[in-house]
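This is the structure I want to talk about, given as C-alpha cells.
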Amino acid sequence: MVNTAEAMLAVNIAGIKMKTPVMTASGTFGFGLEYSDFVDLNKVGAIVVKGTTLAPKAGNNGRRIAETPAGMMNCIGLENPGVDEFISKTMPKLAAYQVPVIVNISGNTVEDYGELAARLDQSGIAGLEVNISCPNVKQGGIAFGTCPESASEVVREVKKKTSLPVIVKLSPNVTDVVLMARAVEDAGADAISLINTLLGMAIDIKNWRPVLGNTVGGLSGPAVKPVAVRMVWQVAQAVKVPIIGMGGIMTAEDALEFILAGASAVAVGTANFVNPYVSVEVAEGIRDYLTKRGLTQIGDLVGKVNCG
Amino acid sequence: MTKTCVTAQVMKHTVLAGDVWELVVAAPEIASITRPGQFVHIRLTDTIDPLLRRPFSIADCDTAKGTLTFIYRVVGRGTALMTKLQPGDTINCMGPLGNGFDVTAKRPLLVGGGMGLAPLLLLARAFCSRPATILMGGRNEQELFWPNLYATVCQNIHITSDDGSIGHHGFTVDLLPELLKQDKFDAIYACGPHVMLKGVAAVAAQYDVPCQVSLEDYMACGVGACLSCTCENTSGKRHKVCTDGPVFWAQEVVW
Amino acid sequence: MVNTAEAMLAVNIAGIKMKTPVMTASGTFGFGLEYSDFVDLNKVGAIVVKGTTLAPKAGNNGRRIAETPAGMMNCIGLENPGVDEFISKTMPKLAAYQVPVIVNISGNTVEDYGELAARLDQSGIAGLEVNISCPNVKQGGIAFGTCPESASEVVREVKKKTSLPVIVKLSPNVTDVVLMARAVEDAGADAISLINTLLGMAIDIKNWRPVLGNTVGGLSGPAVKPVAVRMVWQVAQAVKVPIIGMGGIMTAEDALEFILAGASAVAVGTANFVNPYVSVEVAEGIRDYLTKRGLTQIGDLVGKVNCG
Amino acid sequence: MTKTCVTAQVMKHTVLAGDVWELVVAAPEIASITRPGQFVHIRLTDTIDPLLRRPFSIADCDTAKGTLTFIYRVVGRGTALMTKLQPGDTINCMGPLGNGFDVTAKRPLLVGGGMGLAPLLLLARAFCSRPATILMGGRNEQELFWPNLYATVCQNIHITSDDGSIGHHGFTVDLLPELLKQDKFDAIYACGPHVMLKGVAAVAAQYDVPCQVSLEDYMACGVGACLSCTCENTSGKRHKVCTDGPVFWAQEVVW
C-alpha cells in the first residue's frame, strides 16, 4: 500500500500527534507567530515555545549572542513574559493554528516545575517540555540536568500535576547522558528531547572581557551536531520512550542522521535564524528521501543505523 | 505583502571611501514595501562560515528598479567577505525588517553619526519634498563622503568632525542646540553611536522636540523570536530592537 | 626594559622550557618529523607525540576520519609502534632538534601507565602527557578520564615512576571538569592539558551505517573551541598548576583567547592538517599582539580575562 | 627542493564530461619536482567550511609553464564548491605528496578505471618515449572521454565499458589476461576502484608481471602524521597510504 504524502510523515510522540516529525526547538522560534510571515505554521510538526517560567523574567544583561565556528552561543537567560501571560495572551493566538504547541518550562525549584505544569494543564497546549538543562540561569536550570536524582524529582512532580505528555529535555554537559535518560524515563517521562546547548565561552581579545554578558553561554548550531547524534544514539539504545533529536540540524540529511540514530522526531533550532523556512524544508526533504527509497513511513527509519 | 526571504543579485558594488562600501542588489519583493528605517538580514554564502545573517539598514530603495542599497563598513569577518561580492553574485536577503521611522514631520531634522547615516539617507529621500535638514558627524574629513550622498535629498547640510578637518570641530550634539534655536524643527531623527543618540535625546528633550532614534544590537533572528536584542523601556516593558525597533521614540529608551 | 623577541614568548611549563607557548597536540603532528619539510621544528614550542602504548597498536579498522561542520572526527584508536620503538628509533632522530619532546602515554591499566613512565624516564624526552581521555579505545582511555579516583590513581602511579614533568590531559566529556582537574592536581600533576576530543558520531544516510569504523569518534577543530575555552577558564579558577589549552586553535587570536582564559601554553591540533605552518604562525601572531600592546612577556596575558 | 604549501592561481577550469572537470593551476614550486603518481592536498577557501584539505592526483604537470592539472569528479561538498573556481581565483596546494610510481619499466601496461585514469595520465606521459599501452575501463561511453586525453601519450589504447556502450563489454580485468598473453609487458601500473585493483593484482600475479597499484583512503594530513590512512601490508607492517603510498607493489597489499 502506498502511503499518502501526509501519512508518510505523521508521527505520534507520546500522544502528541504531529503532521511532520520536524518541530521547532525552544527559544529559536519564539512563539511561532514571529515566523508566520515565512512559514505556514500548520506545516510545522510542533512548535516548542520559548522557555517559560512562573514569573516574567528579564533575562541576562549585556551581549546575548555570539557567532562561533559553524555555531553560535547564547545567554538569553530565559527572558519570557511568565506563564500566565503565555496562557492568557499568546496561547489564544496560537490556538488559531492546527499545530501542536509544546511549552518548555523552567523552574528554580522542584515546586516551580510542578506549579508550571499545573497552570498549563488546561491551557490547550499539546504537551510540556521540561527544561532541566538551561545553562544560562544561575539557579536551577542545568543543576537539575546533571544530577539524576534531582532530575527524577522534577519529572515526578511534573507528572503529578499534569495529564499532558511530558517531554524531558536533557543537557549534553554530562559525563553519562544515558544515566540521565534512564533516570527521567524511570521517573515517568513520556519522551526525551536532546540536546540542549553545550556550555561554551568566548573572549574578546581586544578588551580582555568575555564576549557574552553572562560570561558563558550555550553553544548550538552545526558545530554540535556530532555530539548530538552520538547522544541520541546512546540514549536510543537505553530507553523505550520516544526521542526528539536536535542539535545543529540545517538540512533533511542532518535530520535523517538523527532519525537513523533513534530519534522519532527532530527539532530545528539555530537553523531557523539562518533559513526561516527550514522547518518545512527539512520535512519535505525527509519525505523526498522516503519516496526515493520506496519507504512508506518515517517510522521505517527510526533507529535503523546498523553499527554491526 | 509581507516580510520575505529572497535571493538577490548584486547589481553594483563600489568603495565609497576607505573601508566603506555601497552595495546595490535587486530584491523587488522587498524594495516594493520598504519604509525608511527598516533593515535587511543578509546571508552571504550558503556555507556555514559565517553561519548567522548580518543586519544592514536599507540606505536606499528604488521601487521602480526593484533595488536596495546598503552602505556598510568593514568591521569583521562577515563584512570582509562581503567586499568580495561581484555584480552577478547573489546573496540572500530577509526583509524588510523592523518598524521604520515615523515620517509625518513637516520640518524634520536628521542627525547622523558614522554608519548611522546609512538609514537616514532613505529617510531623507522620503522627506525630499519637505525642507529636510541633516546634521552629520564623523571622525574626520575622509569619513565624510556623506555630504555628496545627501546633496540631492536634503536642503541643509551641517557637518561636524571630531578632529575639525571638515565642518564644525566637535560632535553633532554640540551643534544641535544652535540648530534647534535657529529653526522650528518638529521632529528629530537620529542614528549613530549609542553615546551620540543619548546626547541627542537629551538635547531634544530639553528643547521639547519629538525625537526618534534608531538603535543597534546583536541579532540572531531579526524577527523577534530569539530575544537576543531586547532591552527594557522606560515604562518597564521589554522591547525587541529588531521588531519593536530599531526605531524608538527617545523617551521610551532607558539611556 | 624591552624584552627580546625571543624572551617575549619563552615559557616554562612545570620545568619544560619552551621557546614559544605554542605546542603541537598529540596525534596531529605525528612525531614532528613528518612536518619537518614545512616547519622548522626548532621553532615549535614543544612537540607532543602521538599517543604511545606499551605494545605496538594497529588502531581501529574502517574509516578513521570524517569532516564535520567546522571540525573533524577521528577514531584512529591509538595506532602507534609501541614505546620501545619510539625510544630506540624515533627519539634519536628527534634528539637532533632543539625542541622539547613530550610523550603522550595511554594504558589499559594503572600499571601500564606506570611502566610507560618508567621506560620513558631516561629516554631524553622533556615530559610526559598522561592521556586519560582517549575516546577511541575500548579499555582504559576515557574511563580513567571521567572518574576522579581512577584518574588520581594513574597520576600517582606515573609520578612514582618518573622524575619527568607530568602533564595530565583531561577529557571534555564530563559533567564537571573542575572536579577532574582538582583530582589530578592533588594527585601530583605538574600541569594540566585540555581539551581532548568530544565524543561524536556521524551516520551515512546512504547506507545507514556509522561513517566511522569505530561507530563513534573524537570531535576536534574550530567547532569545539567555545567548549575548550570555557573549560580552560573554569579549570584556571580552580587549580594552581599551569594549563595547556587546546581545542580548535587556528589562529593567534584563538590562542590568545585560551591564554586570557588561563592557559600558560597552547597546543594546535587539527589546524596542522589545514595549515602545516600553523604552529609557528600562531607563535608569531602572539608576539605581534604583545608588541602592539607594549607587553613584554606572554605571562602578562595568562588568565587576564576580566569577568567582573 | 621539497614538499611545500603554495597559493596557486587557477589558469583553466573546464568540464570534460558530465560531472568531471579539469583544473589547471600555476604552482611552479610543486610542478618542478612532481613525479607521476604523486598527489596534491588542496585547500579550497580560507574559511573553515569545508575545513579539511582534499587530495587529488596530479594528472598532468608542465614544468616549463609551472602548471599542474587535476581531473576530478564532483562527489561531495568540496568538489561541488570546487566547480565554482574561475581563472584568476586561487587555491592552496600542498605537495607534491606521496611516493609516485616506479618508472623504470621498458614495456609498461597501464590499467585504469574511472577517476583512476587521472594519475595514470601523467605516468603515461613519463613513458611517452616507450611504447606504453593503456587498458581503460568505465561505466559507459559518456564516462570514457579519456581516450582523447591518452591519444597522444599512449601507443595502444584498449577500452572496456560496463554496459558495452564503448569498447569491450565488461571489466578491465576481463580483458587483461588476453593483453598479457599477446604482449610481453614488464610492468603493470593500475589505478581505480579497489575491487578492480584486486582483480588486476591477481591476474598480474598469475602471469608473473610486476604490478604497482595506487590506493586511496580518507586523509587528514597527507604527510604521515595523523594515521588516518594506514593499512597493514603483507609483511605485517603498518603502511601509510599518504607517504608509503599511494603507490604500492601489488604483493605488498593485503587484499
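Chains: A, B, C and D, in written order; residue numbering restarts at 1 for each.
What we mean here is this: a contact is a pair of C-beta atoms (placed from the backbone, for glycine too) under 8 Å apart; a residue touches a chain by one contact, two chains touch by 3 or more.
Model, not experiment: these values are computed from the prediction.
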| item | value |
| --- | --- |
| Partner chains that subunit A and subunit B have in common | C, D |
| Chain centre separation (subunit C, subunit D; CA means) in Å | 36 |
| Subunit B and subunit C: spacing of chain centres that average the CA atoms, whole Å | 47 |
| Centre-to-centre distance between subunit D and subunit B (centres being mean Cα positions), rounded to whole Å | 55 |
| Subunit D, residues touching no fewer than two other chains | 48-49 |
| Overlap residues in subunit A, where contacts from two or more other chains coincide | 69-71, 221-222 |
| Category of the chain touch graph - line, ring, star, complete, other | complete |
| Subunit A - residues contacting subunit B, complex | 27-30, 34-35, 37-38, 50, 58-59, 63-67, 69-72, 74, 76, 79, 81, 221-222, 250, 270, 272-277 |
| Touching residues on subunit A, where the partner in the complex is subunit C | 68-71, 73, 146, 173-176, 198-203, 205, 208-210, 215-217, 219, 221-227, 229-230, 233, 248, 253, 256-257, 260-261, 289, 304-307 |
| Subunit D contact footprint on subunit A (complex, rising order) | 69-70 |
| Contact set on subunit B toward subunit C in their complex | 48-49 |
| Parts of subunit D lying in touch with subunit C, wherever the complex brings them together | 2-5, 43, 48-53, 94, 218-230, 232, 238, 243 |
